[in-house]
């Protein structure tokens, strides 16, 4: 029974993490904190009323160290890199859900997150927590950098074709649509109900910090790929991401062949479901689950592959994947708490 | 051609007011201001791009006075009563959409709005801008206190039975449901999309500042009524209020009789539509219009009347009614700009 | 390990039931059927892809009898009463989620459901499956009539005050708002997205078939109550019911006293949570759970009690409660599969 | 004052058309019909209660001919081509909102709409009613084929770059998202609220009947373009289409240059608004209007142009554009009824 802590329990990722862990057979939550709210879990998450006696305080390193074996960081970026070094030094395992350890170097981090990186030594050691690509490394890791929501859907959608399509890829366009919980629980006018309901728009067009994260991990696959063109949009739903990915292939191919590449690639995976040809994944079928569903279509001329990849941004795109990583790190059943 | 100003043009009421007035035959908008945003209308309301050359500044009394004949105040409460006296002194007409001039005395105002009233002399002179009850007074008014959104639907729903039902009324319950634009354009965590979408709840139960406003005007009708029991709820839609009003009647009656009382009461009104028996009003049928639609039903024992009253909270519940008041004050066609 | 069948697995209640039972420790689903769709569960419920090998056929009594110990009927009314007698005769236990066994007599059934009752002998034997009132009877039952969604929220909201308030009750008004899954998966123009999104309205005002169901069970409590006045509304959300219940009390009382009556009444219940005074339950806090959350408020004069009661219409209002009933009938842990 | 008829007034396009025409200075509606519903307009469109005395019958050619000068066909495809020849023969003008006259030949029509074309002679004469491209032809037309909703946004978004970019275009991808009113008012299970709310998915991937319509009209512009790759998605909002269009340019260019091409192209147009660089159009800013707003962005390497084009699918995408066409045909002010 591992003792876990959640730093940032008042946010959406923190709350979902708590929900999962309260039902997890091999884990207990022994510590929770948040810097913007304090109080009983009953008051912070009325949904969980009666299910936890935990009290949420401002973050206190000593308490976290003394009460936990493993700490989840569900905090805004720049905060995680302040806490992580100390936790690791004290022999704790850390799963960071923020963006602090996702990019390869301090200078790339600075470019996309606009801040100096304060923990460059751990930046190199952090293991990117996408089990479908890095399971063996995750088993031995002390620090997991949990993938971004958009990159999870994109990398899972693209890895099979990037790895296994013999003729390579000429261009990649990712048209991404995300539910609003992806924007977090922030008091901004632009995020209030009346501004987003019955609305839809693109933002950070070709300029989102998740693009280099996607490029980094696609680049580590066997085949070289051009940088992705990434355009995110805000979708008026609570949960879920759908990415429509357009891949110009190096040579013409058939849907059957592509489909079999995908089936083979994810054959042993518990949380990736490749749909039959002609079927398109729907947000509602993965909302509330840790699954990534993938649909495939090919243009009549056989040269444009259209991949549709869907996940729940708070589960496979954040807290579900974090628990999956914990399960792998600690030798639990990989699906525990998630199925 | 009247020259009008809109103070608080960046809020939802202010924006809708501008939209109406830009198409109004007898009015021009010559001045707009807002204290939280400045800039071109194109940038503040991209919807209106290309339709207005107005530039929005912080409020400047001198400018407002020199440019306008009539000023709409679409500002938060406590702000209106600071501006109004000066505008009136300069001979301007004022239509205040805030709550500042709606309650009868400074002490009642203090109780419900938590602030001292700074303009008690005009408080007495202000005319409550509900044309269906006070048209003659509105014609002669210099200062209109535009009704609250909930009170508009409630008072229109209740006036016929209160006025004309011979045996009187034993109790009134108003179960009100409002779309989110009613909460204004405020950066509060509780109003962000993820907190309200797929959600619904009651708030300020039996304790909302619109209850005394309703009581005040029902109390002026012929028959005495007990204080209303008012329970508002937040509805996950952008626009519209539906109030389900339960009236325990002093003696049993039939639906036909009640229906004819309502038809007669609103016979000459352009913006109140009494539905046929068995029909229920729907939010979608009044959204984007200045109408109030009213449905009627009676319990089998003939002693409980159920009135359903719907309006668009930004039109008949705010800016549409404000323009209707302007039309009456200035002798324009009452429906101009609104049909 | 009990072998269960789900008749009507393609509807919303049937689907949610399957979802719960696939994770239930003490139950297996051995039979599923539907009359409007046949095929693999993967195709009928893509959400459950990969989690069940079941094949769904048209209902076949012999198969159901040979494969199951207990059968859930998630079918439209009038269908359940055709299947039930045979299943009972064969020694099977039945939990009927439809309305067929909820009303006391064939004539009352005829009045509200417009059909002749074909199984009046079992109508008398059926136990109403509301565990908080009838747990002991449920333990011994062979046929459970699972409560309607509206009645569940209403009866749980009203039972404490009806049972324990010494001075009795003068009148009850239930203003109910239900998410759209309550209307089922029916191809009707009035239920398409564009008709309901951004809309809200009352229907079957004072004339809904759930009213006599509520009256029947309130009438069995210690104190007499007047018939309820029940007005349902359609809410543009997927799941959840909120009922705002207005109770005119026989004498004035205080909120503290009422609150303590409710806390005591539900002290040992796992799925009813009485909120602290001043707190209002929200749909989002019970969506996806089997909880009923209850909020309480009292008018300043102490004579009007306002109860707000929320449930997820597909869980505590249908399939969750059905599983809770199964757990009780078969001596499983009452919360198994539901927490 | 032109006398107009609306065939198919009970559908969404027909209803919006009626709404616009009731306020139009130069037109009167003298005839309405629908084949699935008959009755008073008050009952069919409660929103318009009190605004029209029209009675809606099943379509009757003689009546239409005797009462109208111009007939709008807001009917499903295959119906329009049955009615049109007779109306034209009788000297009436026809604006067809269905897809019947949009494709170039009977065989292409058969391929995409699955039906034989019954009026091939008029198919050749029909003028495609996109004023920004074909205004002069529209002036002289008797039969207008009103563009599809997706093609309107796509062609307006692409025309400037296709016409004026010197180095040509290598590939075009259109990722389209449409609000649900685009699917019409059809009683299908897949369109009910609970199936679409909180959901999102792609459909008819690379296989939608609007793709050849887009190709046809892009192909008529100066420069040759490759066939578009068109992927539509269903968006859980009532009204509005956003298309994110990816254009691989023949040579690198800068945003300023592209922006000036677009500004010049639409300089004199009343209903196309090209946004400033860095601004992205939002659905809410064109919902309820006849505008098409266009946003532009270019990749850092200058070779991928991202165009975002938004329209209200029922206005510029259907009935608004139909009225714009009528205004042009009959020499009225082009914006009459639409601004």
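By written order: A, B, C and D. Residues from 1 in each chain.
One rule holds for everything that comes next: a residue touches a chain if its C-beta (ideal position, glycine included) is under 8 Å from a C-beta of that chain, and two chains touch if they have at least 3 such contacts.
Please read these numbers as outputs of a predicted model, since none were measured by experiment.
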What is the chain whose Cα centroid lies farthest from the Cα centroid of chain C?
-> D
Counting C-beta pairs in contact for B-D and for A-D, the higher total belongs to A-D
With chain centres defined as C-alpha means, what is the inter-centre distance between chain B and chain D in Å?
-> 37
Rounded Å distance, chain C centre to chain D centre (Cα mean) | 46
For the pair chain A and chain D, the C-alpha centroid-to-centroid distance in angstrom is 39
Name the residues of chain B that each touch 2 or more other chains.
-> 195, 198, 236-238, 281-282, 284
Chain B touches which residues of chain A in the complex?
-> 12, 180-181, 183, 185-189, 191-198, 236-238
Can you check the complex and tell me which residues of chain C touch chain B?
-> 171, 173, 175, 177, 195, 197-203, 205-206, 229, 231, 233, 235-240, 242, 244, 246, 248, 280-284, 287, 295, 297-300, 304, 306, 308
So in the complex, which bits of chain B are touching chain D?
-> 23, 46-47, 49-51, 198, 273, 275, 279, 281-282, 284-286, 288-289, 293, 339
